[in-house]
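Next come two complexes built around chain A: one with chain B, the other with chain C.
Up next is the complex of A and B:
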């Protein structure tokens, strides 16, 4: 049977398979995404990011409980790094989400960063759309907060939660890394550790330095393992969503997202198709050799190749 | 231009708390370029099957040192079949006596059994041979 129809009827196996197709950049992907698109746009997207070991998975696990109690069905996309050397990955975020393993209202999917054409942000965003079309009310994207592609994923969310810990120097490091700009809510996890109050104060201070109309990101002390502070976090998320809707930010965020998505898709098509054309039509060996021996410069060579396949420059 | 990778669920069903073997195998599979979803200790067969479904894996590897393999492995197979995942490669590892292993294979519960002394290369090779990635 047709997997898109099955998915729209609520078949979870079809959901899992379509996410794989999308992740693998299957030739059928484009058509599938086109058919799913009219059914997307309803889910509330939350990004959760932070340093390795900050407790993101445990936090998401607890958040799942709150969301379910409020009657939301939830999809989770948990991203872990792929080894750049072997292409393999160990995806271990499920270990901390066992409590909900048998809840039919929750669907958890682990993804490796892979680092393929178009990057992770494309694959994760498309997986989000598949879950959205399936009918999940809330979709949580959890990713390690290092590197540009991870930041890009988080930027596809409606609300972003940045998870920090009191461990020495951590907050200052995070401010340096520029993560302060992407958070709508800041969580200081493991708040039983010494230095927690100081970290809360430091983050608050940093947030006071930037001005944003309408929404001042709250800084919440949380102990994910014991479930403390989770109800407050969930309330803040709902509050932020209301703020986005009422202020018109939701619309402008979604418009920005549409623009970058369109740009990425065009770039992807051009990159993959044009390069494929060049490789099938033109023998590149001599040219590459000439550039390697520095007899030719790569800038002129690139333009010449595009001219040869009649690509308008 | 598909970019498929072999996805493997490594799970420890049942009550024993020894996950060293499972972790060593998980690492070896990762180093062989596979995506390994590791779910931790004390999984019920239902949890294993559910995770296999959501993660859309090609292979499920069960590590069992408790002696309950004759119950757990067929149960996982049954639950996978119920979920339309009958084609998944199901491997069992751990302390499994030869005669029990033969029973599990005969019943079609396990596709292969890897007991202590099995080489990591052997496991990688077996999976690669069975799961042809385009």
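Up next is the complex of A and C:
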């Protein structure tokens, strides 16, 4: 049967299959995404980001429970851009799935880097759309780290939770890393560790320096492993969603997302086509050799390639 | 006077100016890079990467001293992809420059994210070329973190040093992150900390699992702050360079680099041109609005845009 129809009828196996298809850049992907698109836009998208070891997975697992108790069905996409070579995320995936195996309202999926970072954020965004079309009420995008890659991925979300820990000057580094700008809610996890109150104060101080239109990001001490502070986090998320809706920010965030999505797809289509043309028409070997030997400069060589495929420069 | 000529005559101010020009994507950049290109390819390029706090800057500073004593002139490009919003690197830059202010054989430059990661790795690679044309014998590319971004940047280097610390299970996480594949030399910095020997053993164990053609990456305990182990690191680097030259790997790495450079430039030129055409011919507002309201799907919209500018799909 047609997997898109099956998905729209709530078939979990079709959901898993379509996400794999999207992730593997299957030739059918474009058609599938086009058919799913009218059914998307209903889910609430929450990004959870923070350094490795900050306890994001435990936090998300607890948040799942809280959201389920409120009657939300939940999808999780755990993205790890730091594992480019291994499929290391898979094991953790299975363990996490087992915990929730009996709850058909939960679907968890991990993704590592496939080729490029651009490819990963596109795959993650499209997996979100598949889950959205499936009918998940809440979709959590969990990402490791605090680099540009995470920021790109987090842009997919309506609300973003930044997870910090009191450990060793972490907060200051994170502030330096510009993470303050992307957080709607800050969680100080492992708040039983020494230095927790200082970290809360530091983050609050950094937030005071920002001008915020209508929403002052709360800073919440949490102990994810024991489930403490999770109910508050969930309430703050719902509050932030209301704020986004009422202020019109939800609309403007979604318009920005539409813009960057369109931009990404334009570039993706253009690049695919250009490489296809180059590879069917031209042998690159000699040109690369000439560059390596400094006989040709790369800019000149690139322009010549494009002239040869009649790309209008 | 012409800054390219000045640079080739060894003018440091021209070096600083041309790197800024490259970093800011100045309209003159392409011409400058083309003129500099025949003068590049002589420097030995060393990448230094590792997690924040691993002590990369101290290590690089010590390595500078060692290389200078061997008579090498040195350029450093310190890349921090985790600071996308701030120019935070600049202060550290000045402090580091001051230390070496009297030594005209050293030039240090920091770079944060400018727009996209792709843009950063391109800018870093081009800054390396400017330093190379200037005549630096050794160019060190220092990058924060262990994500895909660093791996892209590290691909610029001939030899790559991965800096780890004994602290809290760091090595295991790094091994998971696939960093083992990119290191030619492993440094366990802060080797006076507890767990140092275990970390050395763990990394060696992980390396034993790899099949390595002709070069077994050494694992060196170092105390960068006290300068201990730095002479050994420098010797190993020189040894690795000899290995690259004698085995032919230097040539094949440089050919790979020429290939990825050509590819990047093709995509850069194509994207620039396509966006220029779209923006001069089409108003995107309505299309974005339609996508945000789910009336148009992004793939269809992207294809229509490309049809409108007569891009041959």
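Rule of thumb we're sticking to: the second predicted complex is superposed on the first by the 290 of 313 C-alpha atoms of A that agree within 3 Å, B and C clash if a C-alpha of one lies under 4 Å from a C-alpha of the other, contacts with A are read in each partner's own complex, and residues count from 1 in each chain.
The working rule: contacts are C-beta pairs under 8 Å (C-beta built on N, C-alpha and C of every residue); 3 or more make two chains touch, one makes a residue touch a chain.
Just so it is clear, the structure is predicted and the values come from calculations on it, not from any experiment.
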item: Touching partner for A:259 - first (chain B), second (chain C), both, neither; value: second
item: Touched partner set for A:53, first chain B, second chain C, both or neither; value: second
item: Chain B versus chain C as contact partner of A:110, first or second or both or neither; value: first
item: Which superposed partner A:24 touches (first chain B, second chain C, both, neither); value: first
item: Chain B and chain C contact sites that coincide on chain A, given as residue numbers; value: 82-83, 86, 88, 116-117
item: Contacting residues of chain C [partner chain A, same complex]; value: 30, 33-34, 37-38, 40-41, 52-53, 81-86, 88, 113, 116-118, 120, 145-149, 151, 168, 173, 176-178, 181, 251, 254-255, 257-259, 261-262, 265-271, 273-275, 278, 284, 287-289, 291-292, 294, 297-303, 305-306, 311-313
item: Residue ranges of chain B touching chain A (in the complex, touch as defined); value: 1-5, 7, 26-27, 29-40, 43, 46-47, 50-51, 53-56, 83-85
item: Interfacial residue positions of chain A with respect to chain B in the complex; value: 12-13, 16-17, 19-20, 23-27, 82-83, 86-92, 94-95, 98, 101-102, 107-110, 112, 114, 116-117, 272
